[in-house]
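Each of the next two complexes has chain A plus one other chain: chain B in the first, chain C in the second.
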Partner chain A sequence: MRFIFKTRYEQDLQIFRHRVSAGWYAALLVLLLAAPFVIPDYYRSQFVFIFIYGVCGFGLMLLSGFTGQISMGHAAFLAVGAYTETILQAKGIPFVVSAPVAIVLSSITGVIIGLPALRLTGIYLAIATLAFGSIVEEILARWESLTGGNSGLTVPGVKLVMNKLDGEIEFYYLCLACVIGAGFVVFNLLRSPTGRAFIAIRDSEVSAQSMGVNLSAYKTLSFALSAGLTGLAGTLYAHQIKFISPEQFTLAVSIEFLMMIVIGGMGSLHGAIFGSIFVISLPEFIGGIKDYLPQAVAEQTGLKSTIFGVIMILFVLFEPLGLYGRWIKIRTYFSMFPLYKKGMFQRQKAYQKSERMR
Partner chain B sequence: MEILQLTIAGVAIGCIYALIALGFVLIYKATEVVNFAQGDVMMLGAFVAFTFASLWKLPFFVAVLLAIVVLAIVGAIFDRFLLRPIIGQPTFAAVMITLALGMVIRGVATMIPGWGTDTYALKAPYSDGVLRAGGVSVSTDHIAIIVLTTLVCLLLWAFFKRTRVGIAMQAASQNQLAANYMGIPVRRINTLIWAISSGVAAFAAVLLAPITFVHSNMGFIGLKAFPAAVVGGFGSIPGAIVGGLIIGLVESYSGFYLPEGFKDVAAYIVVLLVLMIRPSGIFAEMRRKKV
Partner chain C sequence: MTLLKVENLTKKFGGLTAVEDVSFEVKPGEVYTLIGPNGAGKTTIFNMISVIYPPTSGRVIFNDHELHHVSPDRVVSYGVGRTFQNIELFEHATVLQNLLIGRHAHAKTNWFAEMLFLPSVKKRELEHREQVEKVIDFLDLQAVRESLVAGLPYGVRKVVELARALCTQPKLLLLDEPSSGLNVEETDDMAFWIQDIKNELGITVLMVEHDMTLVSRVSDRVLALNYGRKLAEGTPAEVQAHPEVIAAYLGQ
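And now, the complex of A and B:
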């Protein structure tokens, strides 16, 4: 068991809690840097998907996990990022310019949906974002001169600064850089007064307001940042799948993102990454067990959503903190070995809480 | 006369939205859970009715009654085993569990032999007729929907106003804790509410099936019923009905008068507009939280 004796206030703000933890992250970084030379091509592209979903997970986690605002329209921000990137790259504008433009455009979309959201809470916000997502999807399908309508757009190869990135390995590093950058930005934000204000809003709007947190400003900011990060994920997503059409940005995608962060663990940045690893590896896992299932079940398209849904229900019922919560429990068990008690992570129930009055 | 025809078609589809929205609102009022699986529960109801009527060759009305009973039991099971354990958890948990439940229902429906991903017809005895009066021709399906929805609404209204259980439900939905102290078995009431709401969904499914056919994705109509419930104010039963009618009418008119594409998003545009003006719907009770 490790005790950290804090002797300076700066220790509260350190990125790594102690040297060993920094060492583990460095080892992980080295592994990820070496990975594309070692693992087969197929798994490398799965890694890229994990990074992209991870960026998106950071974005949604900031909004839902830390600011407490539910969004069922995040696919719309992904779409804005993806389409902006595709259209700009087709005009020959390099990634270093087009990605920031895509991020800014998604953020603006985020502010637009965030503005009515200031007065909405809970279920009303969920419906407003759902409605917004559906409208964006319809616009993408109808604005044919710009988006190609339902026939979609082919995405050109990534042009980073001057030349096209020729190898998939370079793209892997680009995605890795983006996910590390995004993670660092969000982590840093959460250490700052802004992040503390977000968390205060999540825990209680009334008390945050009485402590002087400007609710509307911070909620809008949270929407904008979250949408911006999702837009960044959208730019990478477009390049990774090389062809985009409105069907890739449906409500189902928004719900998948939500499930991703819930399974990963609400309210933790690790959770976003764990969730994206889970979402990407689940189809692999299902492909693996398909041979052992009866044919009538294995052939069906609904198999993935059924398994996904069942896992989701089990997580909400038995492990509401998600994969990250499970990891924390296992770690605590070993670090406190023989002293671990079952009640250490007991859930609190609040019967008095009501969403109806706010 | 096309406006009259459009109005009747709009009211008919609005009635379906209203019935599904009613299911949402009943559950929300009683338990503060938003049941995102309501559309999929409705799809399940359509398939169960289809199984009884077409596969087992039972008389149509017997099949409908059986389907309603089966779905009521299914709804009660959902509440007992999925929702009751998370009482006292944040709303988010309930949202995720019902979303996941919807996915599971949709997935499982494709795996059941005889259901699958195909489209089936479920015809009612009253289907396929056309009534003509003074240049207006109306499908008998639409008339049946309007009449039957009105009947169900009256029945539910009488149930909530006149019976002991109904009044207990009202009490529980106003303040669960106080109702519990008064000796109302709130948890059992919640299960009963889920049963009623799923039964209503099955009824809506049977009304809808002759128009749209039965298939595993018909539950997505629930996504249109959401705006209906929100437009009316999520906690209000008359609101759900008015909201459903508004959405149905707007959809019907915009499909005819506005360019293609507007019909699909009309419901969402309406709900965004309403939310901008009145953030908790038309019939909402405006209350501030006290600390």
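And now, the complex of A and C:
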């Protein structure tokens, strides 16, 4: 068991809580930097997907996990990012310019969808964002002169500054840099007044307001930042899948993103990454166990979604904090060994709130 | 000399008149208490002072500003801090984070600088932290600084909410039933703290309270309400002896 003896307030503002934890993250970084030279190409591309989903996970976590605004239309922001990137890159504009443009455009769409969010909460907001997602999907299919309609667009290779990136390994590093950057930015926000205002809105709007938080400004900001990050993920996504069409940005994708952060663990940044690892590796896992299943089950069409759904229900019932909650428990078990008690994380029943003003 | 002036305040919810033509004045440095049976309109008056509801008619003047024209999130920067009857803390955040949110009105936010956590952001964070630590010392909250609010007992949450209101550096503190749900000792502590807030910090307190022992111990003046109307005003003893107040509580 480690006890951190704090002597300065700066210690609460550090990124890593102590040296050992910084050491672990450094080791992880070294592993990720070395990985593309060691692992087969197929797994490298799976890692790239994890990074891209991770960026998107950070974005959605900021909005849903920290500001408490649910969004079922995040595929639309991914689409705005992906299409902007594809169209600009086809014109020969490099990534260092096209990605910021894509981020800004997605953020603007985020502000637009954020406007109804000022009035709506909970399930109503979910429906509004869902409708928004379908609208964007429809626009992509109909605006043929720009998006190529249902026949889609082929994505050119990434041009970073001057030349095209030659190999997939460079692209792997680009995605790794983006996910680290996204995580850094979101983490910084969360240890500053803006992030705390988001958390305040999530937990109690009425008292957030009486502490001086301007609800509409911060909700809009949260939507914009979240959409911007998802737009960044979209630019990378386009290059990774090399061909984009409206079918890649359906409601199913938005729901997959939501499941990612719920299973990963709402309200934690680790959760976004755990969730993206889960979402990317589950199909692999199912593919792996297919051979051992009875044939009638293995060849069912909805196998993946069924397993997804069951896992989701199990998490909501038994581990509402998701994979991150599990991770904390395992970590505590080892750091306190052999003193861990079963009831240590027993959830206390909260007493009723009778007069919630919302 | 008045700090808060409430003039002919009326609030109607549809056909129901919750508050009718209530006027009173709070002087700087006093503890002013609103009492009355359930549904008398005390909390509604609170919510109009902190602009959660707009008044149907009447005015709220604080320090020469007309508060009812201010937007709800700006009220705190005029110097009005408040607590809620049913605790409204940020449950899934630590006590420290809750108190830091109390500093929000004094935080100059710039999300772009915060994304990169520039040195200026860090410097301001440390300043806020020092202010928060003063409040933590004042209310003896050191032991729970790092705990999640969701895991704290009710009595402690009540104190944390008081602390969060103090972190906003108010001139006027609105306490909505500070002793509700507290046991006798915790109520005693609350009384000491209210007196300390008045005497040591020089903050004016306007509170709603049912516990008459606490009321008579800390209040300088009391206003009794019933059915949204003013019944009596004066020192705790005067109001308690007032025939209409006795009638409102005990019947004729």
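Just so we're on the same page, the second predicted complex is superposed on the first by the 348 of 358 C-alpha atoms of A that agree within 3 Å, B and C clash if a C-alpha of one lies under 4 Å from a C-alpha of the other, contacts with A are read in each partner's own complex, and residues count from 1 in each chain.
Keep this in mind: a residue touches a chain if its C-beta (ideal position, glycine included) is under 8 Å from a C-beta of that chain, and two chains touch if they have at least 3 such contacts.
In this text, all values refer to a predicted model and were calculated from it rather than measured experimentally.
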(message) Quick check on the superposition: with chain A as the shared anchor, is it clash or fit for chain B versus chain C?
(response) fit
(message) Under the stated touch criterion, which partner chain does A:332 make contact with: chain B (first), chain C (second), both, or neither?
(response) neither
(message) In this superposition, which partner touches a larger number of chain A residues, chain B or chain C?
(response) B
(request) Give one of first, second, both or neither to describe whether A:45 is in contact with chain B, with chain C, with both, or with none. (result) neither
(request) Look at A:194 in the shared chain and tell me whether it touches chain B only, chain C only, both, or neither; answer first, second, both or neither. (result) second
(request) Would you sort A:134 into first (chain B), second (chain C), both or neither based on which partner it touches? (result) first
(request) Check whether A:123 is in contact with chain B, with chain C, with both or with neither, and answer first, second, both or neither. (result) first
(request) Would you sort A:206 into first (chain B), second (chain C), both or neither based on which partner it touches? (result) both
(request) May I ask you to decide whether A:245 touches chain B, chain C, both, or neither, giving the answer as first, second, both or neither? (result) neither
(message) Taking CA centres after the superposition, what's the angle at chain A between the directions to chain B and chain C, given in steps of 10 degrees?
(response) 80
(message) Nearest approach of chain B to chain C by C-alpha atoms in the superposition, in Å, rounded to an integer.
(response) 6
(request) Using the superposition described at the top, list the residues of chain A that contact chain B and also contact chain C. (result) 206-207, 350-351, 353-357
(request) Using the touch definition up top, name the residues of chain A that touch chain C in the complex. (result) 9-10, 12-13, 185, 188-189, 191-197, 199-200, 202-204, 206-215, 221, 225, 267, 348, 350-351, 353-357
(request) Going by the contact rule at the top, pick out the chain C residues touching chain A in the complex. (result) 50, 52, 71-77, 81-82, 84-86, 88-93, 96-97, 100-105, 107, 109, 111, 114-117, 121-122, 125-126, 128-130, 133, 150-151, 154, 164, 168
(message) Per the contact definition, I'd like the list of chain A residues that touch chain B in the complex.
(response) 64, 70, 116, 119-120, 122-124, 126-128, 130-132, 134-135, 138, 141-142, 206-207, 251, 255, 258-259, 262, 266, 296-297, 300-310, 312-313, 316-317, 320, 347, 349-358
(request) Over in the complex, which chain B residues touch chain A? Could you list them? (result) 28, 32, 34, 82, 85-93, 95-97, 99-104, 106-111, 113, 116-117, 176-177, 216, 223, 226-227, 230, 234-235, 261, 264-265, 267-269, 271-272, 275-276, 279-281, 287-291
